[in-house]
Amino acid sequence: MEQTETTGGLSAARLLALADGIFAITMTLLVFELKVPEGAAAHLGQSLGALWPKFGACLLGFITLGFSWIGHHNQYVAIVRTDRPFLWINIAFLGSTCFMPFSSALLGTYTFDPIAICTYGANMTLAGLALYWHWSYATTGGRLVRTETSPELVKATKLRVIRAPVGYLLGSLLCGVSPIASLVVFAAIPISFIIPGRVDRHLK
Amino acid sequence: MEQTETTGGLSAARLLALADGIFAITMTLLVFELKVPEGAAAHLGQSLGALWPKFGACLLGFITLGFSWIGHHNQYVAIVRTDRPFLWINIAFLGSTCFMPFSSALLGTYTFDPIAICTYGANMTLAGLALYWHWSYATTGGRLVRTETSPELVKATKLRVIRAPVGYLLGSLLCGVSPIASLVVFAAIPISFIIPGRVDRHLK
Amino acid sequence: MEQTETTGGLSAARLLALADGIFAITMTLLVFELKVPEGAAAHLGQSLGALWPKFGACLLGFITLGFSWIGHHNQYVAIVRTDRPFLWINIAFLGSTCFMPFSSALLGTYTFDPIAICTYGANMTLAGLALYWHWSYATTGGRLVRTETSPELVKATKLRVIRAPVGYLLGSLLCGVSPIASLVVFAAIPISFIIPGRVDRHLK
Amino acid sequence: MEQTETTGGLSAARLLALADGIFAITMTLLVFELKVPEGAAAHLGQSLGALWPKFGACLLGFITLGFSWIGHHNQYVAIVRTDRPFLWINIAFLGSTCFMPFSSALLGTYTFDPIAICTYGANMTLAGLALYWHWSYATTGGRLVRTETSPELVKATKLRVIRAPVGYLLGSLLCGVSPIASLVVFAAIPISFIIPGRVDRHLK
């Protein structure tokens, strides 16, 4: 908030308010898809047990949204201005985010179906590409970033951000070989991003 | 946020917090209307294919909300104060926004039905008129805007904002001739607003 | 936001973030209760027509939430600090707000049923009393307000805020005589608050 | 908001925006689980009466979320920075929060079932441990807190925060003896936190 400049038009603060709102709602709705089984008084444990694939997809989706949010969040350490095309790039990114509860619920219901796997993978690939475009547009010629933003941070962030959509694309293609392999890749990507990287040194 | 003044009562910051919250939720709920088909293990591709009209309405709705949000957002580059009538104008605008998931889902379900088309068109016409009223009220006699707001910005914004409700009204009327023509107009309006206009020069 | 002080513990900014979030979601969910009629291709106009009572309750609920939000909003022109009991008073107020989509949907479904009318009235009476308590707690001995807050503003706000719960209580009791009279009172209260009062002069 | 520092990377402001958004939505959705009974025109009082266990679970859940929010909120009087592991600790805490509407609805539907009681208790135990970890990580070696944070506040907060998960764990175990005893403990914990403690003196 205090990182935004207001000279020159469109403020980044409201953009972040919209983005944080969308992430908050998407994360909550993802879990909200888990419904309490009805009429299961006699065998509640069993009914809850049958929810495990949905529960797993939900947990994976939550971690995945967490890592998307952190990725978006970290770029605004440098980004301090917006313009109209940039707002639309954000809306494209946020649109992919909003589809996550759908893709995630699809994967929770039809866990090993290649169509469900590819829908989820395509959704995350698009979200990742949008986030790469987001950083690339903002930093080209220092367009929307602080003047002191170092070329090293620009490049390190690019390399870190592009890893995700490449991984999701490869993970989706893997489902031709083995659906389980795809699922392992989908789980491994966000978890691998929990590990701090070279970018974090720049953020310090 | 940093664009708001607090001398003189009601702050614009909370108004924007409410507005951004409503846009975030409406955008997310719009997509949340897409439901994972149940019991479609044998023919998932086909079942997802049948979702295309809903998916299309959802995408259109998302872009449309994006352009409404940007329209509202940009006015606050100039607007820095609020008063009680202005809060109610906002509530009228936000009310039309909240109806969007309904109108959009209606259009996704009954795509070529004139009643669905006119409901959607009327909703967007009202939202656009509310946004025009919003700008017009705030700028009349410099009521709620920065003192340095130029008459050129006031006029250029008015011309840009009024284009949308006029377009939606004409688009709705067109459904007497051809429902497809209406749908093309409804899709063309938000897309046409992605193109920066004279207003953007003032925002710089 | 810029109206908050941070010396002395708990900040009012996050309280307002929570409150604005809850209002935004409640307003959106209220409208989300309107569901697109299924399988009505042959008689869409008629099916939408049958939604009118729900549509009316939804519009009334939206205006009512708008007036509650403005009431809460305006108190923070003076309130700049929080303490633990005050957070809980807010949670009580926000709890009544969260019940509004339920009460409102109940009224939309069983419009003339005295139980639905009294549930709605009781909900709004409690919300109004919580808001009165909110102001009264914050201003007693200048506990949480700006030092320059005038006793006239404290008193004028008290008189304005108490009007609503008294009105809702009387409106609820009226349903013994005539359910329609109750509904008229419930609609008249928020509309009467659109008119600026003596409080607005103090807010200037 | 004004309590955050921005030198050194990741801002706490957006983290709080996400957290407040998630609490706002979770609180609202909790109540949204209460559905208006359909086709009950002849016996509405009776149908609403049958909702009492759900209503009770909903009220308990709301108070419980309120106390979790206040617990998280109060830690940010001292916490002014974030880093990547801390963001993930927050995501773990917010994940437990997002599961609350599910656990709470489960308890509202199968009130005396040990599985429902233990699911609710486990959820709240995990949320409490995450909040303890949150404070502990932020304060170890003054990692993310204001330099003037006193060791007394660190310790008093630790003791206050740990009380909740210990209580929920014991409450869950009690259901082997009596489900009612567990429910009493679950209700008593958040209510006991309404009482200001030693921490509040430090917050002054």
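When the chains are written out, they are named A, B, C and D in that same order, and each has its own residue count from 1.
We adopt the following convention: a contact is a pair of C-beta atoms (placed from the backbone, for glycine too) under 8 Å apart; a residue touches a chain by one contact, two chains touch by 3 or more.
Note that this is a predicted model, so its numbers are computed, not measured.
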Top of the farthest list for chain A, CA-centroid basis, is C
Would the interface of chain A with chain B count as same or different, where same needs over half of all numbers used to appear in both copies?
-> different
Taking each chain's centre as its mean C-alpha position, how far apart are chain B and chain D in Å?
-> 35
Express in whole angstrom the distance between the two chain centres, defined as the mean CA positions of chain C and chain D.
-> 25
Of all the residues in chain C, which ones touch at least 2 other chains?
-> 1, 17, 20-21, 24-25, 29
Write out the stretch or stretches of chain B touching chain C in their complex.
-> 1, 4, 6, 8-11, 13-15, 17-18, 20-22, 24-26, 29, 83-85, 87-88, 91, 94-95, 98-99, 101-102, 105-106, 109-110, 113, 115-116, 119
Which part of chain A faces chain D closely enough to touch in the complex?
-> 1-3, 16-17, 20-21, 23-25, 27-32, 34, 36, 38, 40-41, 44-45, 48, 59, 62-63, 66, 69-70, 73-74, 76-77, 194, 196, 200, 203-204
